[in-house]
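Next come two complexes built around chain A: one with chain B, the other with chain C.
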Partner chain A sequence: MANNGIGSSKQDNSSLITQTNLECKNLYEYLKNQPQNVLDRLYIHPAICLAVYRELPELARQYVIRILFVEQPVPQAVVASWGSQASSKEHNYVTKVLTDLNVWIEDSLPGGLIGWMLSPTFKKNLKAALLGGGKPWSMSSALDADKNARDVGFLDSYSSERWECVLHYMVGSQQQEGISADAVRILLHAGLMKRDEEDGSPVITRQGFQFLLLDRHAQVWHFLLQYLDTVQQRGLDLVECLTFLFQLSFSTLGKDYSTEGLSPGLLIFLQHLREFGLVYQRKRKAGRFYPTRLALNITNSQNKNAPILEEDSPKGYIVVETNYRVYAYTDSNLQVALIALFTELMYRFPNLVVGVITRDSIRQALRGGITADQIIGYLKQHAHERMLTADTKQPLPPTVVDQIKLWELERNRLTYNEGVLYSQFLSQADFNVLKEYAQSNGVLIWCNKEKRTLVINKNAHDDVKKFWKKYSKGS
Partner chain B sequence: MVNVMKGVLVKCDPAMKQFLLHLDETLKLGRKFIIQELDEHHLFISADILVTLQAKIDDLMDQISFPLAEKGN
Partner chain C sequence: MNNIELPAEKEPEITSADEISLLVVILDTNPTQKMLRDKQNQLTNIVDSVVAFSNSHLMQKAQNKLAVMACHSKTSQFIYPGAKKPLDVRQVDGQYEAFLLVEKTVKQNLAELLASESSTAVTESLLAGAIAMALCYIARLQRTKPPGSKLNSRILVVSGSGDSASQYMNYMNVFFTAQKLNVVLDVCALDQHLSLLQQCCDITGGMYLKVPQITALLQFLLWVFLPEPPIREKLVLPPPVKVDYRAACFCHRELIDIGFVCSVCLSIFCKFSPICTTCHMVFKIPGPLAVKPKKRKLKL
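Take a look at the complex of A and B:
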């Protein structure tokens, strides 16, 4: 089953040269690319201000708090003087972050100095988030006790069941069911799956394989980002959905919330979240919903050690021995399918799967687009607790880790770079001029002064050609 | 005048370079594909051979590897 899409798809030149890896954005990178008016509308909601604030680098949080109650711009020099010279690099970075996110804006002081000032909407609503006040959040209306109240354990098993349904579908396990056409569309849009050229059925891509090996938290976040990309096409409002999502991420596990006052768009959004297991609803029209662990702290993508998630992550089940054998204590087809991506399965028992890591099995995974680090990361993340209590610090045998890395390196003994070769210059001066030009534009890949030969990036060829024509006419 | 050629710059270790030169000389891929030798670590080759070349190198690697793991029993 893991074979789907690996051997069959023909690689073309471009995929050999630039292999795109799965890109996992964090909240900052996501918001950075939003236009300013969207950011402004987002900052109207205290929940978002708080989420953004929590995701800022430490130094930036410091700055924000220091100027939060200052009603006039603070000169840039003053802000810079808050840190020591040694950390000026960090200062420059957070300045950029705060500007990118439109958290603060440049403003000139009466004396002609340029200063920083928190953007008014952000300031007002961060205050509201920290100090209280403002309008009640839309999900906060009071509810009577639920006759069919659900406890945390139930919500956990519900959410993991729903989410695994999506993952199952991706690995192409047979027992998949109940995944909607909408979810499939998102997977396709995200590039995690693609339509097979022959029969049009969705097959998993290399990004998809990488996606599967991420931890659950990162998976949900990545998936939601891709989903948000498509909300506008569905006629939903991006800002509205984001706001709701952030409010959801600050909600309490095991508590029910009312759907009253949600706009029709949000109700649709809620049904989508329900499908992926981010919220639980007994019935579509139940009038209440429970957020699950998947939805909590969703923006908190940086902090891998968030305590909330530890209970969530399933217990480790993989034992790896120095003889390359892998024992996986699991009965989940999904986990077996994932293990099968990079091992050769030998035996299967009701609660145990035995496989062996071989050169071929690893190479097959590498061809499918998984990297050695991802395989090792997955094995580490799900290592059986017995592996962790062993005397050595590492949960995996070092020989196996090294060998997997060596197998990967073996494939990368050649690196390719598409380019254009310039040679047989008439004079050293000509060569130097072109070399300088290419170098200053950052498109020079290789050069040799003695042979008067240089290679430039293929994409820059037109530009360099133009320059060269102009130059040779002039001389 | 300047001579301009399109292709792919290959960066590799000297041993791999010798292997590529060998493939080129003996026409193992059906034709010559190296446009220019640049130095110890760099070659300039034609772009359309890349897929075949990659397969050939995989073959070589398969030949010089020995299965480690014991299976069965």
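Take a look at the complex of A and C:
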């Protein structure tokens, strides 16, 4: 029998490759993995309901708002009839998301029909956020006017200075002060940095490089998610911290908020946020704090194209020309270091750095674990205003974009599939039968008639084996 | 070699617009509206519904923008964002600060507007003017928006006034301007059908709805007018009504089926006049139609 020919199974490399890439979850993915009771406790707070609502897919938001004011379950068939025929796939996805997040729950109607009903806590608190009612959020106690009031400009420069401090530390710029052991621990925990084998000092990892190329919003969100992972070890309450974070994200820039009534745990959390520049506090005991732009709309990471406020648009500084030259109008060491990740620097002036994108420079970046999309994304995101006004659709020269992508494709000429090798068939007929079967099920990866070997998708191995046993018994 | 592509399971592509969407709500607050005079608290109810609806629009996405206008008997005004410095609000209950700000500003500015109303003369609402103002506002935001971003704008008119053809020309001008600017005009009629505004929904691709029950106004607004135009395709919404495309004549402002049209400037008249009142073209008085002499066909 040829069944002993189940040889070596191919090593699966694709998973190894993807694993090393930076995973930036959005709020939905984060909450999906939270246990039910945590979700229920989260939905007690209007701020979280609001944040969750905004993260829902477009269609889901419409569904929720339609049944927000309905006091009884709505039959599932009725909900399904809201969407048009063409979008039924999206409808199914939306239903799944809403169920995953426990936003709505199944309930049976008197007539035996099954209906959807918003989770009572979620409904109550989303209504509160929209229309009012309930208790004020924890940080909005009344305050007298601050005699040391800070304006938006000050807060912006403060927050970017604090945040860049963290990034500077990551790229290993000399200055080591200004960053606490706590922040280093989070960077290590997040895998953005790792301890050097020789002297134990933290060095940046490939995820760290990818992290640097993200836009500011995504950086903050990713960093905070990693921070929240470690929250329980610090003896802080996850729900409490998340709630506070979302309240912060829905606060108004340039306004002061009170620390009165915050629990000791939250005060510690506040000090951590202060360190990363998410809030500004003049003194530790000031009794008030100002949220900065970093803290606002933190969950809103997927819509990086649309700035929320007019003055929010980041100041672009990069010009890319069709001759692959990159001009970066900057004097920040950090930005220069980032540009140098994927270009060959040519000249450096006090306010300008000129580099050129070459095959080697890009390949070096790709070897470092950065993807072409990340490079292009970075260039696009920081494109100079002049680049944007020329043609709003495509700020970068298409030739450069395509070439960077081609250089990446050069490296990915192999695709990996996990499979099981079948070989040493006794007859050509046996081989043909199994090949036909695998082919008809779409699980055949490769076959060779002369050598009578074939490779089957690993997931289908059991099924094919069963078929083979049945077949060989019959013959 | 036998390469077979494995069927990859993909999640359905979920479209979500990464753009700023601006909603301008025009609320007809003219005190001469019949339904406002009939019931004492009607205006409060309507304002509450409209504010809740506006806040739901802001709730959809952090990028969404909102403006609310009051269209009064003599003037139209922006009541959110107001002309003055934004109010300094502090949370009083669980409501999100930004929503509270909208509610407070709208109510305060509206109260001021109503208090300044002195004369009791019956005039019709200046809806066309209000729409024009809204279009100007949209055009200004379009100009000042950050480079590289996209602004989708729409206007929602909420009115209980009756139909009137006296502003016909102004209406047509704003409708076609809106169409040119890619601004969608939605109309929510509270009391009577508004046939002229139906035309504008048809021209700009908006929704028209006459609310059957004023008590359920909020729910109707949320169902029909909250979805953005791109998402409307995915939802089953009331089908478009048959639009009455009758034009109003320029002489008496009456809707007519058949009339006279100036061959030079295309002005419409319900009765024949020898001089066009718009372009002063002089026409001959039509005599009996001359019978054409029959042509003799050439035979080959």
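As a convention for this text, the second predicted complex is superposed on the first by the 385 of 475 C-alpha atoms of A that agree within 3 Å, B and C clash if a C-alpha of one lies under 4 Å from a C-alpha of the other, contacts with A are read in each partner's own complex, and residues count from 1 in each chain.
As a convention for this text, a contact is a pair of C-beta atoms (placed from the backbone, for glycine too) under 8 Å apart; a residue touches a chain by one contact, two chains touch by 3 or more.
Here the structure is a predicted model, which means the values were calculated and not measured.
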item	value
Chain A: partner with more touched residues, chain B or chain C	C
Partner chain in contact with A:Y471 - chain B first, chain C second, else both or neither	neither
Chain B versus chain C as contact partner of A:W446, first or second or both or neither	both
Touched partner set for A:R61, first chain B, second chain C, both or neither	second
Touching partner for A:Y422 - first (chain B), second (chain C), both, neither	first
Which superposed partner A:S87 touches (first chain B, second chain C, both, neither)	second
Touching both chain C and chain B, counted on chain A across the two superposed complexes	417, 445-446, 448
Chain B contact footprint on chain A (complex, rising order)	10-13, 16-17, 323-325, 344, 346, 356-359, 403, 410-411, 413-426, 430, 434, 445-446, 448, 451, 453, 455, 458, 461, 465, 468
In the complex with chain A, residue positions of chain C that touch it	1-4, 6-7, 11-12, 14-20, 52, 55-56, 59-63, 90-100, 103, 144-150, 218-219, 222-223, 226-228, 231, 233-236
Parts of chain A lying in touch with chain C, wherever the complex brings them together	46-47, 50, 53-54, 57-59, 61-62, 65-66, 68-69, 81-84, 86-87, 89-90, 92-93, 125, 128-137, 140, 142, 250-252, 297, 300, 302-308, 310, 312-313, 383, 385, 388-389, 392, 395, 417, 439, 442-448, 457
For the chain B and chain A complex, residues of the former touching the latter	1-13, 16, 35-36, 38-39, 42, 44, 47-48, 50-51, 54, 57-58, 61, 65, 67-71
